[in-house]
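In what follows, chain A forms one complex with chain B and a second complex with chain C.
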Partner chain A sequence: MSLAHPDAMRSTRPEPTRTAPPFRPDYTTPRMRRYLLFDATGFLYLLVGFVVLRAIWALSSGSEAWAALLRDFQNPLYVIFHALCFVSVIFVGVRFFRLFPKAQPPRVGPLKPPPGPVIFALLYTVWIGVTIVFAAILAGVWP
Partner chain B sequence: MAVKHLLLRLEPIIWLLFGQGILIGTILLTGWLLIVGLAVPLGWVNVEVLAYERAQTLGGNWIGRLLLFLLAALPLWKGAHHVRSLSLDYGGLKRDAVLAPLLYLVAAAGSVLALCAVLRLPEAA
Partner chain C sequence: MSETETKTFVVTRFDPDRHAEPTTQSYEVPVRSDWKVLDALNYIKDEIDPTLSHRWSCRMAVCGSCGMNVNGQPKLTCKDSLAQYGDSVRVEPLANFPVIRDLVVELEGFLEKFKQVKPWIIRAKEKAVTEGTYSQSPEELEAFRQFSMCINCMLCYAACPVVANEPDFLGPAAIAIGHRYNIDSRDEGAHERNQVFRGEGTVFSCSYANECSEVCPKHVDPAAAINQAKFMAVLDWAQSLVLPRGGEEK
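Here is the complex of A and B:
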């Protein structure tokens, strides 16, 4: 694995604020590995976006194209890919929702944002709730 | 230089789409991957639940179209921005001038195709 470029985030023009000289991060730390893994999920999101696009296109092309897509999804490679994507989505959700309350501005218009634990609980409620409802509809359990 | 200037001007839009890609994309993808990607192909759920007529009924109304569009388009923006971020970490700014517009163009093209695809869907019966 090659190391990060030390000038990755350097400005192209002189900045008024003095900054510390750039240095290569230490990739052996678990913190850096998790950070890079979070970025690397971008590859899977990019691919799964196109897979969903293919599914919509197949649905709009008729019953034969849709049946062919469902057959393709049974291919072990697709199953492994979807399992990897599922793990990535859970990882991204857990990491991002933990960060979300910390990234709130001090005020939103005239209001203060709710306390961090409330935002955190709301995010998880929406995530789990939408997943249960969406999965139940797709699986034909509800309505 | 012109590309960099354009990207800086578009940054608020790119960040909005990237943020929604993580937030809404992740929320929607969890259920989709669980059922369409895993449960049905592995036989945990009867494949008939995704029979063409039922899938078309679910996806052919305006709520279904909107959800399908978001499911396809938003992950593309999350993916494009994070791949760019990874490239910046490893390659610095030199490669970014080519890679960043390319990645965002791929995400934009995918989003337009997703819009066309949901508009092509037959109206739900």
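Here is the complex of A and C:
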């Protein structure tokens, strides 16, 4: 039996009878596993932060340091790490886009958000558009 | 006449006077194909073991009394058909709540959180009865109607991973009902509630697991309410910085 925090949903007043500690929700269901996986992606982004810091340091240290960084990026471990990050970004993005439309307030002053499917379509359009622009810049095709 | 088959029910038992901690007890129950989980629990209570304690009342998914964890998932047992389960069914008290006895959980903690969000219409100045009613258009009603369908069954609390780890978190149902009043066109208490929402362990503790909405038997979608409430609490805070008297009077 797994337990939740012993004070979860406990009254601030003394209880009239002794109670058993709260059980924990079942974390083994497919939905909860997906949520835990989503939470775990935070660790990947922490590592990405360190990589970015290293890249900034390399940029400020001259062309040799930058070239060394690019060489390191060809290391299979780095390639696997970046592939993992890519999959994780898609996973987080899809989850975020699915949940974002219903988080919109019904009205802000006189303004109403567009219907959920429109927000959903806009998010994907912007995502795909930005990806194409970045891919074109990185490939040297544009501007 | 419906067919009968025997299923094994593994039920949590806890008597505060006799048990140091909860245990389980198995019961063989001849169930009919049209039975709900609650029917089997009532059969156990009536025919096998009268000491079993569980809550129930309306038997039509309206009162919200019979919430329990069935095979690990929070369910309204009067609505949850037994046909979907195999030969063994595990019935436990709702997760995240202290257990009073067997399948009965302590709800006092929830009621305290519920009161914090002021779940009633707040007016800056009450109208006299002679001035007539507060009218509301169908569109204004539609804005909050979904969030007013909550029956306080507590399934959302039992599913929430944040409730399991943060005792101060107001939780899905309480925030959903607070948000319901915040977006009610007759209400003028949003600023008061938003101060509660911005406090420690409140709307921003939600990590949007969305489990509350997945298990809600009335499709209230508390996760949507909480995340809308986050936005409105921030907007209210920003307004309080620029408006006279912190935007208290609207």
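As a working rule, the second predicted complex is superposed on the first by the 119 of 143 C-alpha atoms of A that agree within 3 Å, B and C clash if a C-alpha of one lies under 4 Å from a C-alpha of the other, contacts with A are read in each partner's own complex, and residues count from 1 in each chain.
Operating definition for what follows: a residue touches a chain if its C-beta (ideal position, glycine included) is under 8 Å from a C-beta of that chain, and two chains touch if they have at least 3 such contacts.
A quick note: this is a predicted structure, and the numbers were derived from the prediction, not measured.
Look at A:D39: by the touch rule set out above, it reaches both chain B and chain C. In the superposition on chain A, contact of A:A68 is made with neither chain B nor chain C. Once chain A of one complex is fitted onto chain A of the other, the partner contacts of A:L138 are limited to chain B, with no touch recorded for chain C.
Look at A:L59: by the touch rule set out above, it reaches chain B but stays clear of chain C.
In the superposition on chain A, the chain among chain B and chain C reaching more residues of chain A is B. When the two structures are aligned on the shared chain, A:H82 is found in touch with chain B, with no touch to chain C.
By the touch criterion defined above, A:V118 reaches neither chain B nor chain C. Contact with chain C, but none with chain B, is seen for A:T17 once the two complexes are overlaid on the shared chain.
In the superposed model, A:V126 lies in contact with chain B only, and not with chain C. Residues 4-5, 7-10, 12, 39 of chain A contact both chain B in one complex and chain C in the other. The touching residues of chain A, when paired with chain B in their complex, are 2-10, 12, 36, 38-50, 52-53, 55-57, 59-63, 66-67, 70, 73-74, 78-79, 81-83, 85-86, 89-90, 92-93, 96, 100, 126-127, 130-135, 137-140. Listing the residues of chain C that touch chain A in their complex gives 14, 16, 19, 21-22, 69, 72-74, 92-100, 105-106, 108-110, 112, 143-144, 157-161, 163-167, 171, 183, 207-211, 214, 221, 223-224, 227-228, 230-232, 235. For chain A in complex with chain C, the touching residues are 1, 4-5, 7-13, 15, 17-29, 31-32, 35, 39, 99, 102-108. Per the touch definition, chain B reaches chain A in the complex via residues 4, 21-23, 25-42, 45-50, 52, 54-56, 58-59, 68-69, 71-76, 78-86, 88-93, 106-107, 110, 113-114, 117-118, 120-122.
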